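Let me give you the structure first, and then I'll get to my questions.
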Amino acid sequence: MKYRIVSAAAYIAFFALIFLLPLFLNGFWVNRVAIYLVYSICAVAISMSWGYAGVLNLGQGLFFGIGAYMLAMSLTLALPENNPVPELMLLNMEPDAVRDLCCVTPGSFLWIPFRSLAVGMIAAIVVPIVLAAALGFVMFKRRTAGVYVSIITLAFALIGQLLIINNQPLTGGFNGLANLALLDIAGLEFDPYGPSVYYLVAVTLLVVILIARYLLSGRIGQILKAIREDEARARYLGYDVENYKLFIFCLSAGVAGLAGMLFTVTAEFASPSLMATSFSISMVIWAATGGRASLLGAAIGALIVNFVGSLASESAAFQPVWPIILGGLFIFVVLVMPNGLAGICKGLIERWRKRDAAREEAYP
Amino acid sequence: MKLLQSRRTFIKATGFAAAGLAAPEILRLGDRAWAAEEIPVGIMYSLTGTTAIVEKSMNQCAQMAIAEINAKGGVLGKQLKAIIEDPASEPRIYSEKARKLVIEDQVPVIFGCYTTASRKAVLPVVERRKGLLVWPTWYEGEECSKNVLYAGSAVPNQQLENSLPWLKKNLGKNKLFIVGSDYAFPRGMAKTSKTICQKIGMEVVGDEYLPLGHTEWASLVSKIGSSGADVIFSNVVGDSIVAFYRELRNQGYDFDKLPLCASTTTEVEIKAMGGEYAQGSYVSLPYFQTVDTPQNKTFVEAFKAVAGTDAVTHAAMEAVYIGINMWAMAAAKAGDVAPEAVIANAGGLSFDAPQGKVTIDPENLHSYLTPRIGKSRSDGLLDIVDQYSEPLLPLPYSSVGETAEKRICTTQGASL
Amino acid sequence: METFVIGLSIASILFMVALGLAIIYGTMKVINLAHGEMVMIGAYVTVLATKHLGFSLYWCLPLAFLITAAFGLVIERTVVRRLYGRLLDTLLATWGIALILQQLIRIHFGLALFGIQIEGLGSDLQNVPVPIELQQSFRFLGANIPAYRAFVFTIAVLLGAVTWWLVYRTRFGNQLRAVSVARNMAAACGINDQRVNALAFAYGSGLAGAAGVLVSGFKTVSPDMGTPYVVDAFLVVVAGGVGNLIGTFVSAGILGEVQSFVATWLNDVYGRTVLFAVVILILLFRPQGLFVIKSR
Amino acid sequence: MSAAANPILRTRGLTVRFDSIPVVRDVDLSIADGELRVIIGANGAGKSTLLDLLCGRVLPSDGEIWLRDRNITGIGEAAIARSGIGRKFQTPSVFKEMTVLENLQVASNRQVRVFENIFARLSGKPSEKEEAVAARTGLLGVMRHRASELSHGQLQWLELAMVLSQDPQIILLDEPAAGMTADETDKTAELLLDLAGSHTVLVIEHDMAFVRTICRTITVLHQGAILAEGTAQEIEHHPAVIEAYLGSATLSHA
């Protein structure tokens, strides 16, 4: 019972801090922390699939990147100068091509639905889910598990990144999409340096964590945990393990896509570098540092690692050794604190509980 | 703080948050006042990550240029104070660091970026927050921002208008194969090349792209061999270059029989692959270490004093040097370091750079540069075999048909 | 024909890197994400040995093998050993090792912080002199064959053969296979499974180091050169069937050829895409890989 | 061979080969509703593989498995489990990091599809059924303990309890008394006898003494094929069995 109280208190304290923070920050820091909160959402997504179900996706960056691209496409078209055809296509079209989105470059018709902002926002979540479903279906139906999943998702993300770079007339290629309108929903303009975007991100993080917690503390969370513990046993109890994995894989991809979409709003660009292996693995380390099996822990881990990282890179003394510290952190977390910061806290509470229990026994 | 308070529409809707605006300034982290006698300037070249190889030397050169300016009394009587950030070769971090420089440190100018991808990530920041980026690298053009000073950066027409006709006339070559890394610059170069080739009667027999950082060139090199090309134009970038040249040698190609002209192979890459692999190949850039001007002699000496005797100077680095100096000139002329003032006064300024005279075009804020062709020697430097007597007009949109008569990028912006 | 030869040479590099990975993965089910860094270290050993010791490329092969094997041994002893049975965690820890190794090269093992620079280290690209006889190319069966690639192919086959002999014809190999099939049983039979693990890890790393020497001669040497190799090599191992050297050999051949042919017809991006698709297909229809040792 | 009047489980010509070596050969098995059947045989006789076949872990190379009038060959472990076959392994396989109650909750939840579970809430208290099963297996006192804290015998019972909460029609048990103390073994035997009748139980066992205490019908597997079937007494005097095992002395220690 005590653990529950402590955990609830931790949630409240964290979100109180997050919601009050902008009062003390200037535009730059509001924006920077907002981006870190976006990363927190990524870490939560990793925690959902890895921490709760043992599915370690090392290609999460692909889903994040796709989410970013989907909204970025809509925001590109929202600029008046990008109508009827975005500049990137004018630069890449054949000289005699028709200047219309239907056929200015091969595949440009795919952009047509993105004239609507709503489509962009929905696609940012749905497209990652659909892709994850397709990949997950193939993987899980074939009983691919453990490290195989990790490596296949990693390779999948690499290919996705290459294809986006390779199709410059359609995607903007290596440079990505950077000339974007501000997000504007029903006249409400979201300024990346103001509290509007910050609170958009913070509220989304809150909602994501609450929903994820609601789901995962219910029956499905228990079943996923069981699958993580012993897949075969779950199967002999009649559970279609593949479907459960597929479910959490897709859910996690959808959350990553949502985070990607918010990244576009906050950082004002989408680029294939978001799909790089190193970025995907960073997400995992954020979650691992904070505690893979704790949604709040993962979110906090993302904040801490990024914050310390940016400070280190801004100090001349730390800058050259920061990658070594980061690498060391990987090893340290894995060897010494596999359940991350949250694990340490849980351990402390457990000890506290046991001490209390012992005391109660001693003095009945 | 004035800049920061624009666009706060949402905030007014929430009284809770509006209270935040009234919070004492002292509580706001990170605001700091600069000593009145110093002007902070941002320097943002990657010190880590994949492009650090080149960007490190650009960082050194930028610091050197700032030290020189300060030694001469600074800008408007104030010393420049460099704030150095490491964007780690990642557009994501470029964007973040640019925000820090523009908003938090409130620098009036950022000298930085090397790849177009990084510039594109920085662009929204400087455009929306009314900052100024001084961009150094030769690139594909196709950009006409009024918050970027393209000082010293060549655009495709300045690398191609000289070299392609030269290959045809002096070497008698007619069939061109274009290779490049897979991104906007090589593709833009290829488009401009095709336009020029059509005009001068050369045939483009193929253009192929490989992902950045790709090092397996065997298939592509053998494709060049079977394409019937008699000359190669390379827009390959970064570490792929080494593998590409080595593969050409391994498959038995000879630059005397099948010449190669490159747009991005600088002294740095040649040093890395070993001079003997590049020997005999051509490069088209406005600057080589071997350029024979008094300014260059001092520039090379000064840089070697900073970076060591076996350091090489190269075009991107020279462009950094040009950019910083021209920014200082523009600020001096404007009597102000504010980005709008600097931009408004940059047009028409000339600077005696190591490569010769460089002038900013008032229409598109790009630079008149002197096109040159160098031929690699075995020691890794290049002999200049051809150069224009006058700097050439920059046409950033030459890939989509911009000409001196029909400008696409003007003071009004780009009209495609 | 030339496309085929190119495929073979892509395959030989893939094979050399994958072979080490296959042994490590087969024995202890650990995926070493720092395996690419072993390739990188091999390449840097070549750079340093040719620059400072005047070694020729040939002599760098055994030297790099020994040095990377030593690195492998240290990694196994200090980190990997503590993580047996925690596969996903090993993945992360070895990625951390990879980061550290790369950065150590960039900052000259930390000496740069004290102002000491070693020529051949740092974040620059490096170059390795290739013996002149390997810079030629010759004609064979009507195709133009680069000597260097023929050399790479020969070494790959040679190392493959040595490894095969080692695994299937020696006492160590017996122990290795015993451990990979049934660790506890092997341990119960008096095999020192920890020692076998350590040796296997070192040997696998050494192979990667040797591959690094070969790579250094025709590709780029830089601190982050190794990263792309791991994923490709792992795909080869998976497609070939885990714990099966012949499978690794054949799948490296097939994947190398696939990439080469598609790259020639379309381009290298699609080459890689198809390669990945082929691996997925293999997993779909033969989840155990091309060659399977069936067991209960 | 065996001809139960109303078989709940039948196999026809069940065969499996590993690397073309047959491990189970042409097994025709027929188990009556409510029967308690024991399968014995030497090491490598194919006993565990036979159970693996029945629960879908191993696919047969030939032959069919019928559960009442449904062919369940090759429909997958989860589907087989859902159709009413529960399996307990020789080394207990439970969810170690979860509490006993959680283990039982996962097992007793019979709505196994993803969408039935997304919004399902958990109760912090055991349901009646879970409590009953726990009482039957003597786990009531340790409901809140993590499975990893249990003794070996308790783990065996926990797994059995999980199989029971599945409401299976048939329970497959692989050496349920392995590694138990004499006391625990007796309790297990009692439990099995208790189960028979209400459930159909198929047990693999090595320990002939244990077999005698629980058993009605015995099937002897030898080199993957059925050698004999009958009561304990019949089996111990069956000439083929005696020949195969070089005398009943060996068999009793097999």
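For the reader, a short list of remarks on this structure follows.
We call the chains A, B, C and D, going by the order they appear; numbering starts again at 1 in every chain.
The criterion applied here is as follows: contacts are C-beta pairs under 8 Å (C-beta built on N, C-alpha and C of every residue); 3 or more make two chains touch, one makes a residue touch a chain.
Please read all numbers here as calculations on a predicted model, not as lab measurements.
The greatest centre-to-centre gap from chain B, using C-alpha centroids, is found for D. Core chain by CA centroid proximity to the global CA centroid: A. Summarising the inter-chain contacts, the pair of chains with the most C-beta pairs in contact is A-B. Centroid to centroid, with C-alpha atoms defining each point, chain A and chain D lie 44 Å apart. Separation between the centroids of chain B and chain D, computed from CA atoms only, is 73 Å. With centres defined as mean CA coordinates, chain C is found 37 Å away from chain B. One inter-chain figure worth recording: chain A and chain B are separated by 33 Å, centre to centre, where each centre is the mean of the chain's CA atoms. Counting partner chains per residue, chain B shows two or more touched chains at residues 48, 182, 209, 211.
Counting partners per residue, chain D has no residue that reaches two or more other chains. In chain A, the positions touching at least two other chains are 162, 165-166, 320, 323. Across the complex, chain A is touched by residues 1, 3-4, 7-11, 14, 17, 19-20, 23, 27-31, 47-48, 84-86, 88, 90-93, 95-96, 99-100, 103-104, 116-117, 120-121, 123-125, 128-129, 142, 182-184, 187-188, 209, 211-212, 399-401, 414, 416 of chain B. Residue ranges on chain A touching chain C, taken from their complex, read 50, 54, 56, 58, 138-139, 142-144, 146-148, 150-152, 154-156, 158-159, 162-163, 165-166, 277, 281, 284-285, 288, 320-321, 323-324, 326-331, 333-335, 338. Every residue of chain D that touches chain A in the complex is listed here, in rising order: 55, 57, 76-79, 81-82, 86-87, 93-98, 102-103, 105-107, 109-110, 112-114, 117-122, 162, 166. Chain B makes touch with chain C in their complex at residues 48-50, 52-53, 56, 182, 208-211, 213-216, 218-220, 222-223, 225-226, 239-243, 246-247, 249-252, 268-269, 271-274, 277.
Across the complex, chain D is touched by residues 215, 217-220, 222-223, 225-226, 229-230, 232-241, 243-244, 247 of chain A.
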